[in-house]
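There are two complexes below, and they share chain A, which is joined by chain B in the first and by chain C in the second.
On to the complex of A and B.
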């Protein structure tokens, strides 16, 4: 019995010892075909290649290596170009037309409903007060002239070929568009400078405060006869200020990216910049149309502020009562009243 | 009329760049402008392939659609050409082009980026065929002489095929059937919204 047990255990041990290396053998010895690790499927190695479908699954565009210095040439296929095309040709003209014509229609309707906003005559009528000095007016008009030319040359990129080209022919339109493009890229610089200057000059009067809320609640004097209190700028004007600052900054950043194409961005970045620049540009133009309306046709006496710089005191009291008090408190004799001291006003 | 196309058989392209050089020489394009280029994919890895790429002369060409001055036109051979007299060098066609084909002299110098230049399928521009003005602006017009684009004509491995779309697709199909593999007609889906079915 004891011998039998010993024999059995020896057998088990021997079998185990024999079996152990065998157990690992298949794992150690590799398939000869797989030994070089290059051709796991045993197919023709030359047939094995990257293909479009596989690369598009990994990335939205196909990029490789290029032996010329132009790095962006390494993009082989970027189907996003078709999406950019779709935005620019299918949607942008409609969005642009809707915003700009919509704003013109709204202003037209407002004019028919409200008419020209007038100021009641008081004993102050005829006296003048300096509202914007020469430097402020220069900054405003430099920016404004640039803005108008930039708007027209910008809209030409979208609507020129649709509206102007059929009228004047491709050669004349090509020449015009060339000058429009030059004006767009060169006037961008004084425009950006002007926006920056206006921001610095007027920001102290444009910080929103509690008065603005009251002004908005009272309908800003657009509805009804009575004008709510306002300091140098009312909430509406502050809105214009912040719109110009915000949109101006956005247009500047996206515009600089386009003035120096591919300096910081790749092809998709450039496409996004174009989309942002065009959408904000359209909104900006619509906003400024409202600003132009209320500063000229929409309100009697408002244009003088940026025209001669001097406004009627009655108008100033009605629209910016707190500012008039502040100005008169500064100098009790009132040198800012143009009629008495014309020299001081200049 | 034929519907002209390019097809690069990536399984044959050896990245010799002869097509690029031939194009530059034939059309005397300025420095920095590459109407054709060779891009190597999966460089240094198994399955590496090189593709010679230029303007694909797309169906419903995105460049022509986005052009703000409509300077593009399509010829009877379905070749997409443009007029440098009307082009303003705005660069929009490069953003829209799926293949990076449009090129500009003096890129990056704001406001003075020159007129766009791209592959003409060796068929010049709107000027009279084989005129000096045409050669100066767009390079030679081989199609008017009854010849195909030089890049494909002198490709040493016949990887780059140019000619009628159906004919070159047929040649490519036969190759794929014979050798038993093919990485496909690169860019055809994006350019023509169809591919070579095998």
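On to the complex of A and C.
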């Protein structure tokens, strides 16, 4: 009996030892990959010897071989594209909404706190002084009109399919998006031309100086009722000028790279350009919203400067006292008399 | 107001000019990438079809088929 038990135990042990490797074999066959991504000894050596993980250790992309001249068509898998897609589809809409709605909320809160910035009436009220001549206004409005259309059509790229398409339906949205795309691509050119013209016309009055620091320290007239001294443009306006020049240049370069795809850049470069273009575009829109606010609702009399070109002399003295003195001195000094000049007070 | 109207007209004019300048040199992929050694087939129609059904053969037969490739054909050499 004892011998039979021993024999039975030996048989059970032997069966277990034989069956054990067989039990793990299917699992190994299903997951033959080693830690380094290679599996030269897999069940299907040819298919298993190379896999996605292994290929990505050799290069950042997986490419094939093609015979047509368009080498980009050889690209099969590019993981950076997934990161880009994640940014484009998941983060960008939230970043855009936070920036633009945040700026609108900040401007609304500022308006409720400060109200409209007014100018005290003085004996100069009623007299007009030319602040921007016709060419300056033309340049400003051409750039501004293009900017508004570029902003709306640009936001449509991010928010259109999420917000607009559910409201108007895919057919109408498709037509609208097509026209928005045309306007974005073609009105970019007058916009770039306008930014370049504004840069040339106004740079001489926008060089930062000590007065700007004093203007910033005094709160720029936003805090309190007293307006600090300013020449033709105060530090806030100079900030808008340099923002438009810098962002305008960045948007132009990144936009041209996208208008001529793959002319200078590869797919990674194209994606980086799109990321920069969208992030600067959103910041640009938020910045210009503040500019529009202060030029219209935020400050009484400010719109006239770009509307008719002429502002109230009292307004000009309050906001740009040094410019008024300078320009009137020019007019009074003689040579400018009789000529059409921006400083001629009527 | 006059400056504003002139600015809008100028923006449209420059935009139209840009449109002509940019589209004058454009070619279809089957024209641009065809060489003597490589023939790129002419798609003829939008690959997803006019109705976006994924079946271009059923609904893109008309003259006004959306996405129908126009322009000079590449006349590929057939061997």
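Throughout what follows, the second predicted complex is superposed on the first by the 275 of 346 C-alpha atoms of A that agree within 3 Å, B and C clash if a C-alpha of one lies under 4 Å from a C-alpha of the other, contacts with A are read in each partner's own complex, and residues count from 1 in each chain.
As a convention for this text, a contact is a pair of C-beta atoms (placed from the backbone, for glycine too) under 8 Å apart; a residue touches a chain by one contact, two chains touch by 3 or more.
A quick note: this is a predicted structure, and the numbers were derived from the prediction, not measured.
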Who does A:55 touch here: chain B (first), chain C (second), both, or neither? first
In the overlaid three-chain picture, which partner chain does A:70 touch, first (chain B) or second (chain C), both, or neither? both
If we overlay the two complexes on their shared chain A, which of chain B and chain C does A:165 touch? Say first, second, both or neither. first
Counting residues of chain A touched by each partner, does chain B or chain C come out ahead? B
Using the superposition on chain A described above, determine whether A:134 touches chain B (first), chain C (second), both, or neither. second
Touch test for A:259: chain B only (first), chain C only (second), both, or neither? both
In the superposed arrangement, does A:145 touch chain B (first), chain C (second), both or neither? second
Check whether A:226 is in contact with chain B, with chain C, with both or with neither, and answer first, second, both or neither. neither
So in the superposed three-chain picture, is A:186 touching just chain B, just chain C, both, or none of them (first/second/both/neither)? both
Looking at A:309, would you say it contacts chain B, chain C, both, or neither? Reply first, second, both or neither. second
On chain A, which stretch or stretches are contacted by chain B in one complex as well as by chain C in the other? 67-68, 70, 182, 185-186, 259
Tell me, which parts of chain B touch chain A in their complex? 10-11, 15, 17, 32, 34, 37-43, 46-51, 53, 62, 65-71, 83, 85-92, 94-100, 107-108, 110-111, 179-181, 183-184, 186-187, 189-190
Which residues of chain A touch chain B once you look at their complex with the stated criterion? 38, 44-53, 55, 62-68, 70, 72-82, 84-85, 88-89, 156-158, 160-161, 165, 170-171, 173-174, 177-178, 180-182, 185-186, 258-263, 267, 270-271, 274
Which of the residues in chain A end up touching chain C in this complex? 67-70, 134, 137-142, 144-146, 182-183, 185-190, 193-194, 259, 307-309
Can you name the residues of chain C that touch chain A in the complex? 1-4, 6-8, 10-11, 14-19, 22, 29, 33, 35, 37-38, 40
